[in-house]
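Chain lettering (A, B, C, D and E) follows the sequence in which the chains are written, and residue indices restart at 1 in each chain.
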Amino acid sequence: MVNIAHFIPLFPFAAFWLNIIFGRRLGVASAYVAVGASAISAVLAWLVFQGLLSGGGSYTLTPWLTVNGHPITLGIIVDSLTVMMLLVVTVVGTLIQIYSIGYMGGDPRFSRYFAYISLFMSSMLGLVLVDNLFLLYICWEGVGLCSCLLVAFWYEKPAAAAAGIKAFITTRVGDTGLFLGILLLMSVGHSLRFSDMGVINAPEPLMALAALLIFMGAVGKSAQFPLHVWLPDAMEGPTAVSALIHAATMVAAGVYLVARCYPLFTAHPLALQTVAVIGAISAVMAASIACFANDIKKVLAYSTISQLGLMMLGLGAGGYTGGTFHLMTHAFFKALLFLGAGSVIHAVHTQDIRAMGGLFNKMKVTSLTFIIGALALAGVAPLSGFWSKDEILTAVWHHGNFGLFIAAVTTSFLTAFYMTRLILLAFFGEYRGAHKAHESPAVMTLPLVILAFFALFLGLIGSPWAHHAFQRFIAPAEGEVALDIGMAVASSVIALAGILTAFLLRGKFLEYKPGACPLIENKYYFDEIYDALFVRPFHWLAAAVARFDRERVDGVVNGISRCVQEIAQASRSLQTGLVENYLVAQAGGVFVLIVVLTLVGKLCHIF
Amino acid sequence: MSYFLTAIIFLPLAGAAFIALIPAAQVRSIRLAAVAFNTAVLAAAAVVALHFNVSAGLQFLEDRVWIPQANIHYTLGVDGISLALVVLTALMGLLAALASGCITKRVKEYFIVYQVLMTGLLGTFLALDLVLFYIFWEAVLIPMFFLIGIWGGPRREYAAWKFFFYTLAGSVAMLLGILAVYFSVVPHTFNMIEIARSSSMMPIAAQMVFFLMFFIAFAIKVPVFPFHTWLPDAHVEAPTPVSVILAGVLLKMGTYGLMRICIPFFPAAAVLFAFPLAILGAVNLIYGAFAAFAQTDFKKMIAYSSVSHMGFVLLGVAALNATGFNGALLEMFNHGVITGAMFLLVGVIYDRAHTREISAFGGLASVMPRYAFFLTFMSLASLGLPGLSGFIGEFLAMAGAFFRFPSIAVISAIGLIALVALFLVIIRKVLWGKPAAHAGYPDMNAVEIAVMLPLAALTLAIGFYPQMILQFQTYAVNALVGLL
Amino acid sequence: MTYSLNFISVELALVLGALLILMAAVFGAGRKTLGFAALATVMIAIFRLPATMPPGYPVFDGMLVSDTFGYGMRLFILLTVAMVVLMSLAYAWPQDEDMGEFYFFILVATVALNLAACAGNLAMVYLAVETLSIVSYVLAGYFKRDILSTEAGVKYFLFGALSTGLMLYGISLAYGLFGTLDMSFIGSRIAAGDAHGPALVVAAVLILAGLAFKASLVPFHMWVADVYEGAPWPVAAFLSVTSKALGFVLLARIFFSNAVVAVPFWSGVAPVIAILTMTIGNLAAFHQNSVKRMLAFSSVAQAGYIFAAMALGQAGLSTAFFYIAIYAFMNMGAFAAAAFLSPADAQLEAYRGLGRRAPVMAFLFSVFLLSLAGLPPLAGFMAKFFVISAAVEARDYILAGAVVLNSILGFFYYLKVIKAMYFDDETSVRECLVPWLGYLLVGGCAWGVIFLAIHPQAILDILALMFV
Amino acid sequence: MTEFVFYTIAVGLCAFALLSVTVGDVFHSAVWLTFTLLSVAGVYFLLGAPFIGVIQVLVYVGGIMTLFIFAIKLTANIGDARIRQFTRQLWPGAVLAAVLLAFLLAVIRANAWSARALPPVQGPDLKEIGTELLTRYLLPFEFISLLLLAALVGAIVIGKVKK
Amino acid sequence: MISLGHFVALSTVLFCIGLFGVLTQRNAIRFLISIELILNAANINLVAFNRYLAPASAEGQVVSLFVIGVAAAASVVGLILIISIYRQRQSVFLDDFNLLKW
């Protein structure tokens, strides 16, 4: 039953073409086409899940391309990681698309939106299914394209257009790293198939470099430390898009890639160490910025960067199951938070949390689900966030690197802090906004409730009560896993401490004067640095090259033609028209010939 | 001894003669005749492609003695290298003829000269005798000179002159090269296949000199960095269908020459010159992208971008391995299709806005949705989005270059990113943002869409199933690599 | 003796025709009838030509040489003269000149040409060249009332007188060196290697002066532009094709014929002259705004290419005459087309927009210009290709490079005319009507240029016979 | 004895030639030319070619000189000496002629000609000229008539003034 | 004893004087006069060589006869051309014939 897996991405792909070609005629129906397609994919994913449980496996379809002797075949990989991702993507995707029907209600390009969403779904599902790095790269770029198109969906706004391009270019910088990694692997003769990632048949430093290059791709896509600048700006897009792409699925692709190539990384401790370090840096940095952000979506965006950092840290510290488990749980509650934020914005038409407040009693369902999501994110005990974050903390602890553990702890603390700050500012106190807030329609709140259900109970499948079903499912080879009670208690304490400090400081949040701590507030000046380092020099160099081309190279060409014309002009004046000049020239020519020939004759002593 | 290839070459010429008979007033019948003849050529090319035996070398051979005294033969043949280009020429020829609706002045002369141009192009790709190749190579010059010179934009004469003398200077160096090769190969022959077979005998010094002689002519046509300044002027001033042909096919003559003559004739020299060629490729790639970025004229941007795309082809050729050659050939085909489509799109907007200043457009996506779809689609194909044909060609070329010169491949990755930035900026400046007040342009009409659809379909098809084109090339590429 | 008479029956027919035409002119025959009479005379001469075969017998005991080369050249001369007569028939003569004398002079010139082509004796060469020159001076100055034409005539006379004077002095010195004027005897003496000395050099150079003047090689090319510009179009065509070809024939006979081993140290100087001729010819033609003057300089440049082939010594001879054969078609066609397109005003402005006013003639004119420039599908390229391949074969890369570079220069000014005709829009709406004869001539030349490109065999076989 | 005659004629010849070239008035120049031609005829007599000498006197002096006188008289107003008779190329022309002369003389001295003495055998007389003219040189003999006719017709065509 | 060299030297001197005349005369008719000198120099050469080198045949003298004939014809045409241009330009000076240039 497993080999129907390759149909999963085809349905959204068909939906994309349907919506593109008949978009205008379909009108609202285009949403149902999209949602239907992703629903079918969800069902198929579930069937594949059952098929996997009953012993299915990867299979290959057709040979696709031969490069340098390597046959690259169109293969489908079906294992626990893929199925987990399939389920996450399809379930979250469907829910978000249902939500979008409400959210994107009056938009003139309604069908175009759902077309892009379907295209995104198909490429994301494709990304998760293909069995080799090359095809993954293709879907990888497809996903990047859709994120760019969707971020810049309202392209009338120049900010949205710029954000879309920024997103695509920054991820493209990372993708180029992945591209070079693929090339390196191929040049070394290493197969690109994930199944034989562990096989080492090349010199140590090259493989480590390949691993790092691949990680560079993951950094770009998952907005990790150096290449994270595009995610906060990507919030220009519709919130449903942010929920689907910039919280649940696309950004997780980076983590999925690292998980997928895990044997390659474990074979080279240096590569693994960099993953962990980069994860830790981005986690702490993003968390600190989130504490000062005032735009609700920006806060969630930085929290996503921070949580992904955490996952990378988990993976880097050897906690394969921890990282993947947090990936799954985070997808659900972060989607919930974004959708909640979406319905709040939909209601109060502003994103600035300082202009909100007291929404708890006006938007009951949204607030409740939002709080559940926040608690899950903060890692409060029974919710899903707690279990997965705990896994990571234990893994980091066992890994032994004390600095990383401190980073993990501070991230959890800060996460709890800024989420509580957000809730206090947004939902409690008196309403500071101008608009009359009202609860969002059912089509938007229903997905919130479902996601809240997942946020509450999804963690349990990894808990000891379900005797770590998820861990055994995701990494059967890793053997028995025991819950470390001490670490569980410690992480709960950290979470509660974060909430408490935010609760204590709630008074100061409002009168906090911006500028008190410029470094963090201006997001460590990354944007300005990149602008100065890359963007402005790029423009300057382009202008310099164009001027050089116009003046120098063209100059040479025009120069040659001008000097030929001048020679011609000079030679033309030889024809003075006076017979006497001609006669002297002729006689002179005869004389010169005689002299030259006699000299030549003498020299060649012909006579 | 089939006469099929001769038919393909001289069918457009017959078309020119036929159009000459039609009185100039009946513009419609002239256009119809032109389209009919070009369709016939495309059909013939398709038949050749269908009957092409994938696992054999040269096919459809025709070899007749032309001038015994000078040992010149009328030899035609098609193999993996030239097949894709012939089909491309036929296709772009038809689509450009269809898109020639915007030509209203002296239509009859336009189509006569246009058909002569097609004959020259097809001949260049099919000729296997060096002199015949040179004759068709030069026969392309005059029609282009007329097409740019009479129907071009404001600075057309300067552009036409520049194009003509730039290419002429190069091809004249090639003529000396041809003769030098003729006299240094024992037994004296112009036949490319025999020369390739006996190329290893030539001393290395001679090989290098001859390689350079040929390389100058092809470098100007490709165009390679220092010799590229004719391209932007020629493109900007040429009318849309002519610049489609110019970008779609003429640039390929240079690279085709590299792969058909420079590499097989002088393998030892090729190995020595591989590194400089790769550097030139990388320079082309980065220089083209940066120069394009700073342009204000939409068409000039596309022109410079095709300079940078040809950088990929150069990288592929410089790699001197099967992947590189495959990549180069595929990139040639894809570039022809994609940049041809881009120029058509520029033409569409030019017919409406009568200006090419990119600052004059903006927010066209809401005004012209179909145009927006096609422009986005083609821009993404140009920037090498995987899943579309542009990526496959670039990937193979870069892979080939990486295997041989990893450092250069890494440097040219900058070019990749620059290209992405370029085309995204194009999409933003033309399509996104608020539509300008006067931008009430009508969307693409049926003919324009009919011209764009096959190109878009082709890009998508090759992107998803590259084997469609690669299968034709593998035999020829392996033979080429075997010579090195 | 009968064979000798047979041999010169061609010339006799021409002389007879010339005299009859002169008589007819006196009795007031119309311009057309005189023209057709001249044409008939030339045709008869051509039919008489086969009677002069088989080659090899001495004619007038050494005065003329009967060999295939001479036969081929006489055929070439008669054909080109026929073209000139056709052109003058179709040409729109400004004043009603006395055409009878015109055709008389043309026919006398043809007789002189034929005799010079088969000359075996230096005295005969001198006499024939002198007759040709005198007739050409008169022809050049034919438009008596047009000051340009008279000035052309005088300039041609002054220049020609000096050149033939030098040649005569050279011949006298040669007589001194070898005791006889019989060329075959002189050739064998030079081949045997005696009499080599500065005196031989002086004699050779002085004789070269006379011939290079006819063939318009560099030091002696100054007169070309002024005379062609002043002379009427048919005379300019005649001078640029037929009399230039004679110059090369005599150069071949005296300096390069198989009897006379090329003067050994000649191979050093000849390429230099060839390169100078082409380069100066091309450069001077660059900025001409008179099409006639430009064509004059282009004919100097073409002479350079021909002499480049000759400079390669014995091997290059057949290539040179292959070039001359194709040059005749191209140049005659170009001059005829230019004459018909705008007979009165030869300035470039008069040719603007002709692409639309006279499409067929303008197209043919462009074909000739492109063939002169050497664009591949036309015969001009084939001719240049043979010259360059001969140069590369003889390892003379400098010469090959020079020919190649000059063909680039050439394209510039040829294209300038085509640009004027097709790109610019016309200034005057003067309709240009050309009689059917003109189309016959220009069409014939165009057919020659195109057919010889596809099938140069026709000429190559004849040349193989001539240079056995 | 013959040396003396030769030298006088030679010196006379060169002097007259130089005078005819350098003297200011055109008419005087023509007159000196006549004397030069006469001394050339003398040289012929010296060389044992009396017939050529007579023809020289008859044709050249008689025919051609009269032509020159007519031409000079027709173009009347250019006779007076005040108008500059030499072109601006005077010095280059002079230098060129002198150097060429020196070079040619050197060549002649180096050549075998200088030592050739008068052969004992009798030079060609009138009978020989006649036979030569009508045997080997028959064709030029006939052809020159055509040349003269052409010159005649040419002169008439160019010269006649249209009414 | 008068050797062949003397005559050839004489003819060369005459030739050079003629050449000097040609190169420097401003008057067309004087130009013609100088041309006559050159032709006569050649004639002297011919007759002298015939006498000294090939006394048996009269080739040299015959050719000199022809040269005299040709000289006559050339002068006729030359003078008539000069007179016709004189009618138009009222001048026979070489540097006035400069309408045809560049």
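Keep in mind that, in the parts below, contacts are C-beta pairs under 8 Å (C-beta built on N, C-alpha and C of every residue); 3 or more make two chains touch, one makes a residue touch a chain.
Treat the numbers as computed from the prediction; the structure is a model and nothing was measured.
Hopping across touching chains, the smallest step count from subunit C to subunit D is 1. Considering every other chain in turn, the ones in contact with both subunit D and subunit E prove to be A, C.
In this view the innermost chain, defined by its CA centroid being closest to the centroid of all protein CA atoms, is B.
More contacting C-beta pairs link the chains of B-C than the other of the two pairs B-C and A-E.
Greatest Cα centroid separation from subunit E: this falls to A.
The greatest centre-to-centre gap from subunit C, using C-alpha centroids, is found for A. Separating the CA-averaged centres of subunit A and subunit B is a span of 36 Å. Centroid to centroid, with C-alpha atoms defining each point, subunit B and subunit E lie 67 Å apart.
Look at where the CA atoms of subunit A average out and do the same for subunit C: the two points lie 79 Å apart. Distance between subunit B and subunit D, defined via averaged C-alpha coordinates, is recorded as 72 Å.
Across the assembly, subunit E contributes residues 8, 15, 18-19, 22-23, 26, 32, 43, 48, 50, 53, 57, 59, 63, 66, 70, 73-74, 77, 81-82, 84, 94-95, 97, 99-102 that each touch 2 or more other chains. Under the contact definition stated at the top, the residues of subunit B that touch 2 or more other chains are 165. Under the contact definition stated at the top, the residues of subunit A that touch 2 or more other chains are 572, 575, 577, 579-581, 583-584, 587-588, 594, 598. In summary, the structure contains touching chain pairs A-B, A-C, A-D, A-E, B-C, C-D, C-E, D-E.
Looking at the complex, you find that subunit B touches subunit C at residues 67-70, 106, 109, 131, 134-139, 141-142, 145-146, 149-150, 157, 161, 164-165, 168-169, 172-173, 175-176, 179-180, 182-183. By the touch criterion given at the top, residues 1-10, 12-27, 29-30, 32-34, 36-37, 40, 43-44, 47-48, 50-53, 55-59, 61-66, 68-77, 79-84, 86, 91-95 of subunit E touch subunit D in their complex. Within the complex formed with subunit A, the subunit E residues making contact are 19, 22-23, 26, 94-95, 97-102. In the complex of the two chains, the subunit C residues touching subunit B come out as 355-356, 370, 375-377, 381-382, 385-386, 388-389, 392-393, 397, 400-401, 404-405, 407-408, 411-412, 415, 419, 422-423, 456-457, 460, 464. Those residues of subunit A that touch subunit D in the complex are listed here as 580-581, 583-584, 587-588, 591, 594-595, 598.
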